[in-house]
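Once you scroll down, you'll see the structures, which are given as structure tokens.
There are two complexes below, and they share chain A, which is joined by chain B in the first and by chain C in the second.
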Partner chain A sequence: MKALQNVSLWGLLVVIVAATAIPILLDAPAMREEYFSMLMVIVLASSINIIVGYTGYVSFGHIVFFGLGGYVAFWLMQTFAMHLAPAAVIGGLFTSLVAMLIGMPVLRLRGAYFALATIGINEAMRTFVTNFDPFGGSVGMFFNFSVYDAYGGAKAAGQLAYYAMIAVALAVVVTSFFIKKSKFGLGLMAIREDQDTAMVLGVNPSRAKVITYTVSAFFPALAGAIFFFKNGIIEPGAAFDLHRSIESLVMVMLGGYGTVAGPIVGAVLYDRLRTFLITSETFSSLHLFIAGALLLVIVLFVTAGIVGWLRNRFTLVRRYVE
Partner chain B sequence: MNLEALLASSLDGLMLGFLYGLMAMGLTLIFGVMKVINLAHGPVIMLGMFVLLVLQQGMGINPYLGLLAAMALGLVSGILIYFVALHRVINAPELTTLLATFAVNLMIIGLATVMFTTSSRSVDVNLGTLPLGPATLQGTRLAAVAVAVVVTVALYLFLYRSRIGKSIRAVANNRSAAELMGINSTWMLALSFGLGTMLAAVAGGLLSTLLSFTVLSGGVYETKSFVIVVLGGLGNPTGALIGGIVIGLLESVTTVYIPVSWVPVLEYVIFVLILLVAPAGLPEWFKNLRRSRS
Partner chain C sequence: MFRLGRVKWLGVVATIVALALTACGGPAATSAPTTSPTKPPAVPTAAPVGAATTAPTTAPAATKKLVIGYTASQTGAQNVASAKQVEGLKLWAADVTKAGGIKTKDAIYMPELKSYDDESKTDRVQALYTKLISDDKVDLLISPYSSTLVKAAAVVSEQNGKLMITAGGADDLTMEAGFKNIYQVYTPASRYLTGVVDMLKKLDPSVKKVAIVNEKDSFSTTVAAALLPYAKAQGYDVVLNESYDSNSTDFVPFINKLTPLAPEAILGGGHFQDGTTFAKQMKERNVSAKYVALLVAPPEPTFIEIGDAAQGIIGPSQWEPLVKFSAESAKAAGLAWYGPSVQQFMDGYQAAYKSEPSYHSAGGYAAGMMLQKAIEDAGSADPEKMKAALDKVDMLSFYGRVKFSVDAKTHGKQEGHGMVYMQWQKDAAGKLMRQIVWPLEAKSADVQPRK
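Up next, the complex of A and B:
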């Protein structure tokens, strides 16, 4: 496996592990909370990059998988007192299955039609869950506090959620890397550039797209399961928040569309910026406006994103950062 | 099930449907001319609402006169949005234009939240009621329908009879050919974007005379516009009007039979199904169906 010797993958993994170890070593719970949210947006941005960045299919409502995975896992944990790990995996697999079934017809649509359809799917799911009584309807579901006893108290459960999110983040980065480096990934990028030509050259676009969509749905589902486990409460508005979906796309654009490191850089920067704006006295009321202006500048002037721009500019970066 | 309730709700739905159609027509016009899905459609609808509110509460101007101001603001802000956010990326892939208009969306909502907060507002207007058999028609709804019809007719006359309107349609058909004929395509694109947002602002203004609203109301109407536009076929203004009426009727008539909260589920499921089965919209689909039969 030549890819295993690749510096850029190991570099990324070491950076993530080293950074996430800081709050544990310092035993700083507030810092851990911040890192938790950063890890979660890394998972969301990287997984959306797998479908949007590699195949060029703009999945606007990707957050539907975050919500669905969260709901299924939460329901399992609450109803059957299941442990987080199996519940999250079952939620993830179920969500991937749903993504496959949705993907088969929907991925035939191209461009704007696909983007609109994904918004429609997310809204349909949100309004459906709002009316679905086993999932608590519009009120949602919440844990009895004793649920956390099985994990050794709420504090230990929070720690477990943090470790789990680190594991998912590492998994999504590795997956994203191997897809990009594989022959399969090259096929995806051929689809992105010109689907009809890719087909002539022997790529099976519908199969490749459905597989990618299924894979990219798995990780947000895991993130949803862990996030709502930690929250102890889940409701349709928070689970299927279209805004969060578009924010993940912004992170991908900010870092660099179609690169492995880009979504991570974009996610961390955007998350830091948002936290700064919301907590700052001067900017808190204007944070939406500033985020919008920043996005506009990126879209208009730095289309390749930060990592993409650096890669185009410096050979050294191109060699060591994917 | 009584027939009277059904009749009353269908009349209500029909009237609301005209407004929905007007609102979606702006979105479909923009897509038809420049293949851009305008994610700043909702905020402009919201701006239309607030123009009427501010003029009425600040200066005591009649809401229906305020509509003219809303139209002007809609047109100007659309042209501005085009030159600031879209002109550079008009030929870029979908993701770019989607995110560019979304950035505008964030900026407008951000500013409006600072100015107006997110509390619920309503424009105070009452035109009495008109009893019609078993149903009672509200004056504001009738007025809204009348304005919607006037605006739609004016738009059609403009697009099909005036020289500028013809230029816009030429640009929509084939931009490079239109440029060869000496049409300034940049201005035509900017103007059609302005017309699209003008329709959104008028529709927003009219909606504000019927229902209460907040700074965030635009989002709801924006997703509704997507549904309508897809029903009628992306880029087809007549289709948008038909789609609007279908959704208006659906929203009011189905509530007689199923709980209100299930209506949006139905709407979005129909939306996705239409995209899959008849992505060109219902009118085209029916046309093809008839053609294949004969």
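Up next, the complex of A and C:
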């Protein structure tokens, strides 16, 4: 059984590494950009799945961690000329700490109250940052282009950002997998099914939820740090864009919540569909309509998501795909 | 807590919310497909640009395709202004095509536009500009609309050594970020409202007290940050300097603060919706300030829909149809004249799109014209030669004067183009009309205090 678990994890990691190596081997910058976008949505969807899929707590404002991590890292890089790697890690750890502090009171809420509170947190953070002068207030912060010289030029910095996003994507998949397969993960899923029963069975829901929320905040923070480093500019509107949170949830639902592979499949499909429609001469003006209608159909009729449906239908898939 | 079934249901809710949010982003642009061959719009302008500005060649020149890439915000927050910018650019391409291309000694360049929808998002901008450069092999770039998107595109453009004209980005900071291949068409944001201070000082020295109330976004904050020290340096007493959140709809708290301070001039605003609402509420509350100047909203033709509340409101504009730049005025100023007349641009735009051009439309057209001028001056579409040509540009066109900074720290920043200030005034018949009130050499009417 243990071997089978590892097969599903290693399978995912090999697929991600092999796929992301293609634009490097082909030296195809446009493809690399597309893959960067895919990796980022994989990180966002997988991290939100850790809290939504495993505990059943629906976080509509998860993007707050993407923005906060991005801001802290950007500030460190701009103010202290810190390298991307330590800046991103510090940004991630700080964001996790904030998530823990927020999570302790907020995770006591249940159902729609929690979901609404997460939107409020995102908006509150956006307003705070908009008025916080060290972060540039409403103007935000920007790099002088010469910042990229320290990385061997802007092109090399772009490549570094790509490699960093691959690493974060792999890390979130591994974390997601081991949480799911651990005793801790079983406790989370017990909370998802019935918190009161879980408590009777010895699970400490408050502690488990706060730990999960803290862990799930770390990865979007890293993604934000890398994304805004590559962008060269950060401002509140782009950092705390609620739309991105909603899209991440849709990706999770599309692929299959509560599974490891589901958010990856959902993120890739959603991103590819959107990109295809946007860049298609025939469908460009209809891309929002088509994407929306398609998603609605899938979410209505394949309620467990694509991976969930496959797992329910095919034994072989159930054996090898988590 | 949600049970499994509820989580599934939430998927449906999330999708509906996502659809609603995307719908809020605005409709897809209706004007044209994403790839635009240079087939002219319905009716081209009266006098195509290239025809008047290029010398005939002595030998048959080879015709070359000139692919110009950009992203448009067909959806998202920037879709309205972006659509206008794109219309202007497409009109330029159609005019050039009708004129037989951009003619140089060795070749004739036929422009072909290639674009994608960036959804008003910086991550899409970077991915799509990379695609334009790497996959579509565009020769030159035009920026998206809005300062944030311009900056994101500029990073990619600079990485790849591509020449880009920033059609719709007024941000000063972008042009001070060390880019070497980017050229700005708009007057920088820091100069949007300083002209009003100059105007008041010259035309109504009785004004002593000024209030600044602006939207809390990147563009408006940059405007206000430059305005505050400038007004103080000119001897004005700034009695209030506050900002409001984007999407604000209630300005009564600010008006209540303003009333006892009795400023003679109120300067600021942000974008169309908030500016329009602010002007309406000032009228409803009988704010007595003699002068009110707001960003973005007043120059829009639809601002007139607020009726009497529009009367007396001043707006800074990148371009106004009433300002009649001409070959004669260029000669008087010692500058070279380039491109169509104001009337030709207006007629062509009206014929093609059945609507009035805004300054965003003029910016789009001017961006194309800049590329054309650079190719003609350089005699080639080689980016390095074009850059050298653009560095030397100092000309007058229907859009106004254009001259770029060649200083290493601000290379490409617009320093020739100035703002014009319009004011909504009532004519003898009581009809609201837009008039140019500053600078004096362009004025169509004297500035009038509000009543």
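As a working rule, the second predicted complex is superposed on the first by the 317 of 322 C-alpha atoms of A that agree within 3 Å, B and C clash if a C-alpha of one lies under 4 Å from a C-alpha of the other, contacts with A are read in each partner's own complex, and residues count from 1 in each chain.
Rule of thumb we're sticking to: contacts are C-beta pairs under 8 Å (C-beta built on N, C-alpha and C of every residue); 3 or more make two chains touch, one makes a residue touch a chain.
Keep in mind the model is a prediction, meaning the values are calculated, not measured.
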Check whether A:58 is in contact with chain B, with chain C, with both or with neither, and answer first, second, both or neither.
both
Using the superposition on chain A described above, determine whether A:237 touches chain B (first), chain C (second), both, or neither.
second
Looking at the overlay, what does A:128 touch: chain B (first), chain C (second), both, or neither?
first
Which superposed partner A:117 touches (first chain B, second chain C, both, neither)
first
So in the superposed three-chain picture, is A:303 touching just chain B, just chain C, both, or none of them (first/second/both/neither)?
both
Applying the document's definition of touch, where does A:145 land relative to chain B and chain C: first, second, both, or neither?
second
State whether A:105 touches chain B only (first), chain C only (second), both chains, or neither.
first
Go through the superposed model and pick first if A:290 touches only chain B, second if only chain C, both, or neither.
first
Touched partner set for A:278, first chain B, second chain C, both or neither:
second
In the superposed view, which residues of chain A touch chain B and also chain C?
52, 56, 58, 60, 111, 115, 127, 130-131, 138, 246, 249-250, 253, 257, 285-288, 292, 295-296, 299-300, 303
Given the complex, residues on chain B that touch chain A span 31, 35, 37, 84-85, 88-89, 92-96, 98-100, 102-107, 109-111, 113-114, 223, 226-227, 230, 234, 259, 261-262, 264-265, 268-269, 271-272, 275-276, 279
Inside the complex, what are the residues of chain A that reach chain B?
52, 56, 58, 60, 105-106, 108-109, 111-113, 115-117, 119-121, 123-124, 127-128, 130-131, 138, 246, 249-250, 253, 257, 285-293, 295-296, 299-300, 303
Within their complex, chain A touches chain C through residues 28-30, 32-34, 36-37, 40, 52, 55-58, 60, 110-111, 115, 127, 130-131, 137-140, 142-146, 153-155, 158, 191-195, 227, 230-233, 235, 237-238, 241-243, 246-247, 249-250, 253, 257, 275, 278-279, 281, 284-288, 292, 295-296, 299-300, 303-305
For a test of understanding, state which residues of chain C touch chain A in their complex under the given definition.
1-4, 6-8, 10-12, 14-19, 21-23, 25, 28-30, 33-35, 74-75, 77, 116-117, 119, 121-124, 126-128, 130-131, 133-135, 148, 151-152, 154-155, 158-160, 173-174, 177-179, 216-218, 221-222, 243, 245-246
